[in-house]
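When the chains are written out, they are named A, B, C, D, E and F in that same order, and each has its own residue count from 1.
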Amino acid sequence: MSISRFPVVDLVDLPEDLRARIEPIVERTGFVPNVFVGMGHRPNELRAFMDYHDALMDRDSGLTQAEREMIVVATSAANDCLYCVVAHGAILRIRTKDAEITDRIVANWRTAPVTDRQRAMLEVAVKMARTPEEVSGADLADLRELGFTDADIWDIGSVTALFALSNRIAHLADLQPNPEFFTLGR
Amino acid sequence: MSISRFPVVDLVDLPEDLRARIEPIVERTGFVPNVFVGMGHRPNELRAFMDYHDALMDRDSGLTQAEREMIVVATSAANDCLYCVVAHGAILRIRTKDAEITDRIVANWRTAPVTDRQRAMLEVAVKMARTPEEVSGADLADLRELGFTDADIWDIGSVTALFALSNRIAHLADLQPNPEFFTLGR
Amino acid sequence: MSISRFPVVDLVDLPEDLRARIEPIVERTGFVPNVFVGMGHRPNELRAFMDYHDALMDRDSGLTQAEREMIVVATSAANDCLYCVVAHGAILRIRTKDAEITDRIVANWRTAPVTDRQRAMLEVAVKMARTPEEVSGADLADLRELGFTDADIWDIGSVTALFALSNRIAHLADLQPNPEFFTLGR
Amino acid sequence: MSISRFPVVDLVDLPEDLRARIEPIVERTGFVPNVFVGMGHRPNELRAFMDYHDALMDRDSGLTQAEREMIVVATSAANDCLYCVVAHGAILRIRTKDAEITDRIVANWRTAPVTDRQRAMLEVAVKMARTPEEVSGADLADLRELGFTDADIWDIGSVTALFALSNRIAHLADLQPNPEFFTLGR
Amino acid sequence: MSISRFPVVDLVDLPEDLRARIEPIVERTGFVPNVFVGMGHRPNELRAFMDYHDALMDRDSGLTQAEREMIVVATSAANDCLYCVVAHGAILRIRTKDAEITDRIVANWRTAPVTDRQRAMLEVAVKMARTPEEVSGADLADLRELGFTDADIWDIGSVTALFALSNRIAHLADLQPNPEFFTLGR
Amino acid sequence: MSISRFPVVDLVDLPEDLRARIEPIVERTGFVPNVFVGMGHRPNELRAFMDYHDALMDRDSGLTQAEREMIVVATSAANDCLYCVVAHGAILRIRTKDAEITDRIVANWRTAPVTDRQRAMLEVAVKMARTPEEVSGADLADLRELGFTDADIWDIGSVTALFALSNRIAHLADLQPNPEFFTLGR
């Protein structure tokens, strides 16, 4: 099974700035996540994707990093996206040190033992993922009542939106998760 | 009706580099497209979005710019996204100098008088937009038989993916198109 | 592109009574709307359609004529019906002298700046258009609470029902809107 | 259970021409079908409906009357329309002298022991009833290959379209079938 | 039309215990219901099915036997399952001595003149039949408020579940109802 | 989190015959699978379920036991059934000694590296699980062409049908998988 339906590049053939950003990840995880070599034939797109990702996922947010990964896993599961479910499932296991909650979100996010606040967050995110036209002002008002700020709500919607993009790239390329991701954090 | 459910920034309050990119657009069109002031409260995300957009939409591609805008309009219509339908409908009118074809794609892309090749391109794009998990290797093979290269297919899928993101941001913010967009190019 | 997949008749070949009804429309608009020549090969069906149409659309109703056209455009957009979206979009522009509201209803009726009453009216109409089996007594009670009379509610449902018919005839025939409709009232 | 959510009129209070058309039906069946008294508060609409109905259902067509009733029953079942399923189920039993085939079409039209030609006819009709935007030129070409003329295809689509209207009026009014219809023709 | 796509066995060729259970049914109804001869090539599966069926349908429950048959007919209609609609429609007619209510549930369960309690029961059952992942604790709480005990709710869900199995076996085999079932109890 | 919304029984309180069947499983796995104690308040239904299960899953079939578990996992994932995904995911890991293939089937069965034959088997099974009314003779003919016998096809459909039941019982009860299942076989 090849990594992608499209050209795959070697890390060494990526532009210097991208290599410099990816190498620390490789050192930390011990392997090159396939998303980088699968999108690397389009370095400008990969760079923009990484910039968007880091802007959202690493920012100082009212949502914890684990909560943002919950959104990624729940919406990617709703989109049946293997790469994102497996790779971000691994990240969520690492962030939560809880493999069971991750497996629950993959199978059915409604069964995860999360707070009411997190449940509402996931409900809006999954609706936004699958039928964005049905997300209404009332949904946002519900989130505000549970204490989410406008900045938090922007993060919920934007993480969902970024992985709406990412899931489609992965489906397009039939992008394969690295074998390591399946077991990481278990 | 406010432009967005979230904070709106003035063009002058954007970081210098973003202002420098947006000002020529303002000069050309005569107004500041609301997407910039609506996403401007998150300059890093706006910058990444613009980078991704320009990387895909301005690149030297096997798809014409009009074809890429057709994908944007057809998939945004499938997602009922007002901002993208109206703003990119205007761009498509300008690119094609044909208001009728644009109105047809908005109402029902299947009725647009396009080539068989373009029809196949839109069919895969709209499927990717709404049910990405159903896009299969057979769909890509169909495109290849019509003469699309792998790079072209990547563009079809990626434009769709980028506006899957963009449509969701617009729905999240209830982002309003500038009034000028409704008539531009008519 | 031919006007229809089925035989198209000349206005002069229509029965006298139909010609007498259509000619004033032609004089007013300056062209023969294709629905007449596209359905004209079945004069009895065309006559019944026109009778039903006039009975509902010209009657003295609690709904304004613009509101009835809003229903036509919103439900035809839900059905992706090019002919009705374009032809009745033109009529709605003329009735409202507002091209923007029309374009909004075509793209996504939820984004139109209408009254709460009109929003409720469109919500029930679109549900009736797509999943009539889900319209319940509770939906009608909601309309009554907003001040709609039983006669108004009958009109909402019947306009939707008539264009459920009309949209299907147009899809069957792949009926083409006259080019004039695209710009009328802009 | 009242006959309708809307005003019900007595046969004697209908305009003379409508009464004259309905009375022979009453004599033949022994009761006044509720559709007449349920739509009678809008005589112009009732008259137009009857005209459209007779133009299509009584015309000399390439489809037998039984085949046209099969379309009515199958599409009304797809729309969960009690009145039309029960009333036209009765008519279909009378036309076919076969209660079993009628019950099969009500439960699942695919299980009815019909000809390949009739199966194709019902397939297009049910698609037209539920997702008219998906009916394509290829569907019509399939029907032509099975020997249906253009006039026959118009009839298939138009009968479906007329009952798309009728089903919605019945759902709107929660129109009740006369008790006699349940047993007629069994 | 053959009874099944799979082997059909004679009653006499069934294991003794199954024959002993089926014969009284044959004596009572006058014919061998096709489900027995259609599943008989797998006697262990047939026996387990009959055991499950009798455990649920014959137990002393807070739901009447007619109510349990209502669930069978409504959910089988939602699944377009001819065999179960026709065979259990007959049983429901016998239990209720009311052919009309049965025909109403087949066409559209929402139109059946049942109690509010029964309506709520059917609503949850049909949701469980088609989209079980959407049945939530709130649905069960609604049933409890209407006086259903936990044992009753288990019965509602389990009858639905058993016929989710049975409908699929019938679709798999294209199992034909005995002609007698169509008229039994009318 | 309680194991079930319904009464949970102790293994010792089950009828002797059930205890005798379950105890060897407990000895082999080291814990009592919650399905037994969650269904145990209805011993007759539990017994029938176990009988049906063993008749299908332990029989000498043209499908390997791993293939039958693939069907269980793929269809349970399509139904978002946590209990069955997790418990049978564990069994599939044990049968295949391959955790990755199991995770792939949970996320998206189309991405599993299976044979063409197995892919076709899963395609029909998932269709049967979600929209059984759409499974046609043509689907079965496709399976036969790939070498499946009628007995194999019965097994594919029946395993799907049995877990259509089981998934619904699990959703009804909000049945929780034992924590051990999440890691078993990894």
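Convention: a contact is a pair of C-beta atoms (placed from the backbone, for glycine too) under 8 Å apart; a residue touches a chain by one contact, two chains touch by 3 or more.
Given the structure is predicted, the values throughout are model-derived calculations rather than measurements.
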Remotest chain, chain C as reference, centres from CA atoms: F
Degree value of the rotation bringing chain A onto chain C, based on Cα positions, nearest 5: 120
Higher-contact pair (C-beta pairs counted), A-B versus B-C: A-B
Equivalent interface positions on chain C and chain D, same or different at half: same
Inter-centroid spacing, chain E versus chain B (mean Cα positions, whole Å): 51
Centre-to-centre distance between chain F and chain A (centres being mean Cα positions), rounded to whole Å: 29
Rounded Å distance, chain E centre to chain F centre (Cα mean): 23
Shared interface positions of chain A, touching two or more other chains: 80-81, 108, 110, 133, 174
Residues of chain D defined as touching chain E within the complex: 1, 77, 80-82, 85-86, 99-100, 103-104, 106-108, 110-111, 113, 174, 179, 182-183, 186
Chain B-touching residues of chain A, taken from the complex the two chains share: 5-7, 42, 44-45, 47-49, 51-52, 55-56, 59, 79-81, 128, 132-133, 135, 137, 140, 150, 153-154, 157-158, 160-162, 164-169, 171-172, 174
